[in-house]
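Consider the two complexes below, in which chain A is the common component and chain B and chain C are the respective partners.
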Partner chain A sequence: DALLGCHRSYRSRPTHGIGKFKYLLPKELPKKRKEKVQVKEIDAGTEYQYGDVNIQMTSYDLCLVEHFAQYVHRLCNRLSIRVNESYAMPTKTNEVLFMEEKGSKMQLDAVLTTHQRVVQIRGLSSTFAPILLEIIQSSQPEGVHLLVKQHTEADFKSRLKSRPELEELLAEMS
Partner chain B sequence: PCRAQPKKKKKVDVKKEQAQKERMKKKLKKLEKAAPELIPIEDFITPLKYSESNRVRSLPPLSPEESERRVLLMKKWCLFKQKQDEAEKKAIKALVESQQEALKELRLESEELYQAAIRRDEGLFPFERDGPSYTPPLPGYDPPEGKCVDITKVYTQ
Partner chain C sequence: SAAAQRPWKLFGAMCLLRLPRITQPLEKVEEAMAALMEQIELEKSHYSDHEVRKLEEEEQLKKKKESLYDEDEALGKTVIMAQDLEEKWEQKFLQFKAAPRITDADKNNDRTSLNRKLDSNLTLLVKQKIGNQELWLLPQAEWQPGETLRSTAERAMATFLGDHIQAKVLGNAPYGIYKYKFPRAIRTENNVGAKVFFFKAFLQSSDLSQAELKADHLWVTKKELGDYLKSEYLKKVNRFLLD
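Moving on to the complex of A and B:
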């Protein structure tokens, strides 16, 4: 025990660190644990502060929407408004068919993709909210539809995959 | 005519039902253990056809006048953007200041109104606004008839 407990390393001697080998092995990265998607607590807000607010931007043009979302995020950072999350909602694809006027009832196609980005804010004071809305409105690009609303659990659940088996079982149980 | 057999049927049924219920509960527990997943976003996945092709774009070399022109243009653009950004910051400051002044004056006028003004506005959310359009809507435009079909891919877990 006394032999094992002795860790004198003689740092001045050239034999210092003579047993080490771990620095020669390749570095093992810590095992990535899958971050479980959890329902975060939704802040209701006090009388003088709004709770979790979602700023949702929708458009057919991907670049415009991305850039606008980045602009809003940076604006909030600059105005020291706490941004909880800044995420993208799944894209929706629409096939547009229209009737030809020549009477042969043909339908031509166009495929449109709708993109949506969401910036979630917390702790917006009631006096500053209209100012923020004004600024965002004044720099709103064309074709981008803006929607500002409070965050609800239904909003969060719309991002998750549907589980038909679970729902079927729950329906059968009750 | 009551016999002993129907009693056995009932017992067997009850046992079967209990076994079924337990199986369903076990299935439920297994499914509930798996955490819900987010729907993958197609925007962030580059389609394979853009990564497979080997064609590389070779740009022609720029003449010095052209590069000079571009640098000067970039500088002008930076200046323009800076002016725009400063104007925005100024506007925000002015709005906030005028609002604070108005609230101060209101407080001096009446405390009740001030308290009511500071409260949050429930009618503010939800707020919707369409972006400005490039051209105003044409008067008397008759759009062709048609329909929109939603073909988004549905992901299930």
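Moving on to the complex of A and C:
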């Protein structure tokens, strides 16, 4: 009898719900789809802090750009500057055609891909900003273009894809 | 009011830097590491499209030589072979000549030209008369009440190099300060000494043809600064110059 007995945790038994743990974990709210632009910080206040600053690095060479972006990110971590985001913009492919007009018309093609990485920083004090800029400038690798600018809504929206069908429907409605 | 007037004279000095154009040569450890990483990556990597195409065409050629029935199939395909492309690219590469890393100015050790050490920062030094002596200094100008120290430094730069310089000053805060007291003969109650505030600017374009250079000027690297500046001055300037 003892061998055959099945001690399943049934609802009437005191061991009911013995393995449950999900009630102990913190509650996860369902994710919202739409993300709106974050609130900007004071730009020229009494403490002279910059708001969101974008450091954009573009190059033809993927490895260089990625490594440089990693380097900048780690530098900011070490200097305890808060890094909001570090993302990549979509790559652009350019086809280069050579038209040789001496002799027969030859078209030599070359395919170039342009890669762009962005590191977003917040809370940069204006006394420290020129030093940081100088460090980044002097450690730029060859072939990498650097651009440092303030974050705007246009920058945020350039990452989002436009929906032509939605826009058409909205135009029809209004 | 005379009572509120401070006994120190204020100067704003501009440290004009030309950023390096070429990367510095790698050290031995770095070179060895780079070679090792390249070898590892080469051995781990897969074949690229071009290499796959080249191998396929080599196999086709071999088959052609051994047997004849592949000629009918391969008529339309082999217009340009991958091998031909490679040879063309190699020829183009041989025609390309890179600019020399060590320029003429380096060989002559001509310190007044900007085409000198292309892999390090160059600072502008100017000969100025202070008191009775003519000294090599960073270009400086006296501060007029009512203007910011940064504009004093920019004015100093403009007096020595003309108005049309494309130099970018990054921030409003000075990088360093050097203060000294005048010798006892000139010292008065209101004139104890002078404080020089240093600002940094980066030269955007290397075209100085429009610049009117009035006094003697030099472009020097950080190591060569010691030949020209006095020791106390040099100490303060070295604090904010990166190598």
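Note that the second predicted complex is superposed on the first by the 118 of 174 C-alpha atoms of A that agree within 3 Å, B and C clash if a C-alpha of one lies under 4 Å from a C-alpha of the other, contacts with A are read in each partner's own complex, and residues count from 1 in each chain.
Note that a contact is a pair of C-beta atoms (placed from the backbone, for glycine too) under 8 Å apart; a residue touches a chain by one contact, two chains touch by 3 or more.
Note that the structure is a prediction, hence the values are computed from the model and not measured.
Q: Have a look at where A:L133 lands relative to chain B and chain C in the superposition and call it first, second, both or neither.
A: So A:L133 meets both chain B and chain C here.
Q: After the superposition on A, what does A:M173 contact: first (chain B), second (chain C), both or neither?
A: A:M173 sits against chain B, while chain C stays out of touch.
Q: After the superposition on A, what does A:E85 contact: first (chain B), second (chain C), both or neither?
A: A:E85 contacts neither chain B nor chain C.
Q: Touching A:E153 in the superposition: chain B (first), chain C (second), both, neither?
A: neither
Q: Would you check which partner chain A:P164 touches, where first means chain B only, second means chain C only, and both and neither mean what they say?
A: first
Q: Under the stated touch criterion, name the partner, chain B or chain C, that contacts more residues in chain A.
A: Comparing touch counts on chain A for chain B and chain C gives B.
Q: Check chain A for residues that touch chain B in one structure and chain C in the other, and list them.
A: Common to the two interfaces on chain A: residues 126-127, 129-130, 133-135, 137, 141-142.
Q: State the interface residues of chain A toward chain B in the complex, per the touch definition above.
A: Touching chain B: residues 34, 36-38, 45, 47-50, 53, 59, 62, 79, 88-101, 107, 111, 115, 126-131, 133-135, 137, 139-150, 159-166, 169-170, 172-173 of chain A.
Q: Which stretch or stretches of chain A touch chain C in the complex?
A: 108, 126-127, 129-130, 133-135, 137-138, 141-142
Q: Report the residues of chain C in contact with chain A in the complex, numbered from low to high.
A: 19-20, 22-23, 88, 121, 170-173, 200, 202, 242
Q: Where on chain B is chain A touching in the complex?
A: My answer: residues 24-25, 27-28, 31-32, 35-44, 88, 91-92, 95-96, 99, 103, 118-121, 124-134, 144-157.
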